[in-house]
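In the part that follows, the structures are each spelled out as structure tokens.
The two complexes that follow have subunit A in common; it is paired with subunit B in the first and with subunit C in the second.
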Partner chain A sequence: MEKTSRFDWISTSLKASAVLIFLFIYLPMIVVVVYSFNGNAVNSFPVLTWSVKWYGVMMNDSALLASLKNSILVAVTGTIIGLFLGIPAAFVVDRFSFPGKTIFERIVLLPMILPGIITGVAMMSVFVMMRVQLSLTTILIGHGTFLIAVVMTQVYARLKRLDRAIEEASMDLGATRLKTFFYVTLPNIKTAVIGATLLSFTLSIDEIAVSYFLTGRELTLPVQIWAMLRRGITPEVNAISTLIFFFSVVMIVIVTRLNREVD
Partner chain B sequence: MDYIIKIENVEKSFGNEHIVKGINLDIKPGEFLTVLGPSGCGKTTTLRLIAGFEDPDAGEIWIDGKSVSRIPPYKRDVNTVFQNYALFPHMTINENIAYGLKMKKVSKSERLARVIEALRLVQLESFGDRKPRQLSGGQQQRVAVARALINNPKVLLLDEPLGALDLKLRKQMQIELKHLQQKLEITFIYVTHDQEEALTISDRIAVMNKGVIEQVASPKEIYESPSTKFVADFIGDTNLFEIQISPTNETNVVNLFGTKVGGRIREPKSLTKQNYLSVRPERVKLLAHGEEAPYFLSGTVEEVIYVGSFIRTVVKLQQGQRIVAMMPSKGDHLCLPGDRVRVTWKEEDGIVIGQ
Partner chain C sequence: MSVNISTPVRNTSIEKKKKKHRFKPRLLILLIPPLIWLSVFLFTPYVALFLNSFWRVDFGTIVHTFTWDNYIKFFTNDLYYGTLLKTLKIASLVTIFSVLLSYPLAYFINFKVKKNKQLMYTLVIIPLWVSYLVRAYAWKIVLGQDGILNSLLISIGIIDKPLEVFLYSPYAVVIALTHIYTPWVLMSIYTSLEHIPRNLQEASKDLGAGRFRTFFQVILPLSLPGVIAGATFAFVLAMGDFLAPQLLGGTSSMLISNVVYSLFGVANNWPLGSTIGIVTLVLVLLILEVTHRLEKRTSSFENVKEQKGR
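Here is the complex of A and B:
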């Protein structure tokens, strides 16, 4: 009897801690989402009036909308750069052996591992030294450094699992190297490429540390929110945060699905 | 044209490893040729050189009279069945089989007709819309054959195509492949490490060892008169004894442990410094009491093993070496371990070979 009761105690406390950990992670987010529908201008609990007016305010905030536009511009261009440099890099690492290959593999990953603040400060110093005006372009270059690494790792991981014999079979059956790439290789790494695209886009949209140091006159969304917060937490920020949160969740779910599909 | 494929002094190294060391091979149109050898002997590399996946470091390969050095695989008139089939996982069986025709820009209607025909050939008519992973190993293997054959290649290259199948299915597929080859009259070059498989399906066998072709001959000749010690040892079981050859040797007599025994020299020029006498176990005869023989060796029975259709008897000779005899289990007299026996063989069954 004693044994069963002790067992129950352990399993209950495990379940409780799981719930607590979950709350610890998501409670702040839930608060933001709830407050975004708060009719009152002051964040107070309990919420007395419900409203979507902050979403309306957000839609009319030209500075916020401009920063959103900038962020999307940076994320789209950055993702394209990441794909165009990251995919060939993945192929090079997978297909060729050259002196210093291991070092190359590590160095390429560095911008992803390094704290954004270090990348940011380092790049800012270089741009200032070279007398380059900080602008959306400099932010874009900053994002490019880690987006290439993101694409490369995702695509490389897939290439490693790809049976090279199917490419040989394709050439054996009359396809040139180029046709083999489009008919056989690409379809088999397609989900990794799509996953890398979505992940890159999400990472770029959310990024603040690198952007903060490389921002000129035009702000990206996270930097804009950061600036707005300095004037106090407004319900408008809650609204935009809620939208970003749900957007990110959808993206992450799609990426996970795509990666799982192959296994 | 005598040869569909001619390989001349071809060499290939990977880094410091010399994998193919100058091989020569002529393959006749319509023949089933097997390249047989242990793993790492260079047989797969040889096949890849013919397919065009590797370029030879030296030497020349001709396909149908044309030198193919520097011609990429997609321009060669050969097709390959890969070891693990290498089917395209993202395509259906129909799409897999039609791939070669699509690359050749064959019209869609003709493609469809020929795919149906190819599926019928390998008895997979109802599987066209499935994906490769929904098929069993044996079925995938047939798809790989159909995908290669639909292009009407002059030569079909098969790289251990049955290696992943279980023994029973493998034996069945061996026969099917052989029949298919006879029906289509296409040249097959078949790579395997399985000597029994090679003997079963081939018109000719090229035995490879350490990057060199040691013998090219019909299965019967390979088994009955191997040209080197390696071939004798690798194909089937055999009793091998070191022997000395003197220049004044009488024909069909060799000196083994100081006794004159029967043995024919296969080819005088194939002899080397160190030579061997090879006698197949089923050609070794145990003499009954009082039975006469022109020559024999004496020994003691060490082991008698019943293996169904045969009885395997191991005899320890007076000189210390062992000789194995295989006799039909229906035989008249049975030995027991410890019995003193005399063993002999016919002159033509003792084969003298070089290193």
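Here is the complex of A and C:
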């Protein structure tokens, strides 16, 4: 009798703390979504009137829309740079040893590991020293650089698990190395590439620390939201945040599906 | 070229082939574009930051003469090294809280949830993908003067007018950063728990160990590498954060990156800012090196992990 009651106590408290921690993780997101429908301009509790007017305000905010457009432009181009430079780098690092390989691997990973502000100010000082005008291009260069690392790590992890016998079979059958890469290797790491693409896109859309220092006259979405927040809380931010939240959920569902396909 | 397809010896055949492919200079051409990009846009900036840290500012312009002044200033002025110490303290708190929050939830999902385990895990990881800014800013609504916490406490009657201590304080920064980095830690701990073979837990119980003993002598030690990896992540990320402190903390809770931010902004002293950047960089690399070794030492379990991974 005593044993069963103690058993319950442990399990129940574990369950209770799990629920509470889960709530802690989700509370802020729930708050933002709920308050995006708040009719009042002040984020006070409880919400008295409901309205969708902030979504309307958001849709008519030309600065916000322009920054969204800039962000998408940077994210798409940055992802392409990441893929075109990251995949070959992953391939070479996986297949060959060359002098300075360890150093190369470490330096590539630096922008992923180091606080964004350090990479940001370092890049900014170089651009300013070389008298390069800060613009969307400089933001793009910043993003492209850390996305190379993102793509490289994702693709490298998959290449390591790839059975190389299939490539050898392809080459034994007379295919060139290039042909083998496009017809055998690439299809086999397809999901890793798609996953890296989505991850890169999402990271770029959300990036702020590096962008902040490389921003010229045109802002990206997070930098624009940051500027709005500095000016004071506006419920419009809740509306745009809610949309970002649902966009993120859709992205992760796709990525999880892709990963499951592989396993 | 002979192809060995039989699985058991696959590993060794790959090893051999690796050696064969060692020198293929022609394919290293692939490495040239990324190498050029990274040396121009990554390596050069870090070198520039390093060089900058030895210069000084005279009437708002940078004078290119070598000096240790910035480093001396950093380590003797309380405003700078004091802020670094405060940053390390806040980052430690964030790390401890993140681990304390992540572990029970990771344990629960991994060992107690039978149905929809993958779904639960995905739900916990989703916040990682949600805008950093949104997560930091949300705490402003919760902790602010007219915020949820204050209104709630007033309506229950614990306080009779809104408290300002929640927002614009180190507490707000610690809470928000803990919230932001908990999913990272959780992911890391969950992965390490997932790799522990179930039969070890059963064996421990069959041998007469109680639940607590099984946890402390079997599960916890085996999950330590995951805890260390996650904690390192939380610590390093929290250490470099400057947006959440600026949004939620008062002037008293400015962290080291906020100092860098202002030195590259209004204070306009790039050399000193670069010095702090380099100090942070070295500190981060040191932390990574130490924890990497710790991780290796605590993972007594490589082989089993390997087998499970296959």
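Everything that follows uses one rule, which is that the second predicted complex is superposed on the first by the 262 of 263 C-alpha atoms of A that agree within 3 Å, B and C clash if a C-alpha of one lies under 4 Å from a C-alpha of the other, contacts with A are read in each partner's own complex, and residues count from 1 in each chain.
Convention: contacts are C-beta pairs under 8 Å (C-beta built on N, C-alpha and C of every residue); 3 or more make two chains touch, one makes a residue touch a chain.
Here the structure is a predicted model, which is why all the values come from computation and not from measurement.
Undergrad: After the superposition on A, what does A:111 contact: first (subunit B), second (subunit C), both or neither?
TA: second
Undergrad: Looking at A:63 after the superposition, I want to know if it touches subunit B, subunit C, both of them or none. Which is it: first, second, both, neither?
TA: In the superposition, A:63 contacts neither subunit B nor subunit C.
Undergrad: Figure out whether A:172 sits in contact with subunit B (first) or subunit C (second), or with both, or with neither.
TA: both
Undergrad: Look at A:163 in the shared chain and tell me whether it touches subunit B only, subunit C only, both, or neither; answer first, second, both or neither.
TA: Both partners, subunit B and subunit C.
Undergrad: Going by the contact rule set out at the top, does A:32 touch subunit B (first), subunit C (second), both, or neither?
TA: Touch partner of A:32: subunit C, not subunit B.
Undergrad: Which partner chains sit in contact with A:92 here, subunit B, subunit C, both or neither? Use first/second/both/neither.
TA: In the superposition, A:92 touches subunit C alone.
Undergrad: When the two structures are overlaid on chain A, which partner does A:202 contact: first (subunit B), second (subunit C), both, or neither?
TA: second
Undergrad: Please indicate which partner A:244 is in contact with in the superposed arrangement: first for subunit B, second for subunit C, both, or neither.
TA: A:244 contacts subunit C only, not subunit B.
Undergrad: Any idea whether subunit B or subunit C touches more of subunit A?
TA: C
Undergrad: Of the partners subunit B and subunit C, which touch A:187 in the superposed model: first, second, both, neither?
TA: In the superposed model, A:187 contacts subunit B only, not subunit C.
Undergrad: Under the contact definition given at the top, report the residues of subunit A touching subunit B in one complex and subunit C in the other.
TA: 163, 165, 168-169, 171-172.
Undergrad: Residue numbers of subunit B touching subunit A in their complex, please.
TA: Residues 51-53, 72-74, 78-80, 82-84, 86-90, 99-100, 103-104, 147-148, 151.
Undergrad: Show me the residue ranges of subunit A that touch subunit C in the complex, using the header's touch definition.
TA: Residues of subunit A touching subunit C: 10-11, 14-15, 17-18, 21-22, 24-29, 31-32, 35, 42-46, 81, 84-86, 88-89, 91-92, 95-98, 104, 107-108, 110-111, 113-119, 121-126, 129, 141-142, 144-145, 148, 163-165, 168-169, 171-172, 177, 202, 206, 208-209, 213, 222, 225-226, 229, 233, 237-238, 241, 244-245, 248-249, 251-253, 256, 260.
Undergrad: Can you check the complex and tell me which residues of subunit A touch subunit B?
TA: 163, 165-166, 168-176, 179, 183-184, 187-188
Undergrad: Within their complex, state which residues of subunit C touch subunit A.
TA: Answer in residue numbers: 1, 3-5, 10, 14, 17-18, 21-22, 24, 27-28, 30-31, 33-35, 37-38, 41-46, 48-49, 52, 101-102, 104-105, 107-109, 112, 118, 122-127, 129-135, 137-142, 144, 146-148, 150-152, 179, 182-183, 211, 236-237, 239-243, 247, 257, 260-261, 264, 270, 273-274, 277, 280-281, 284, 288.
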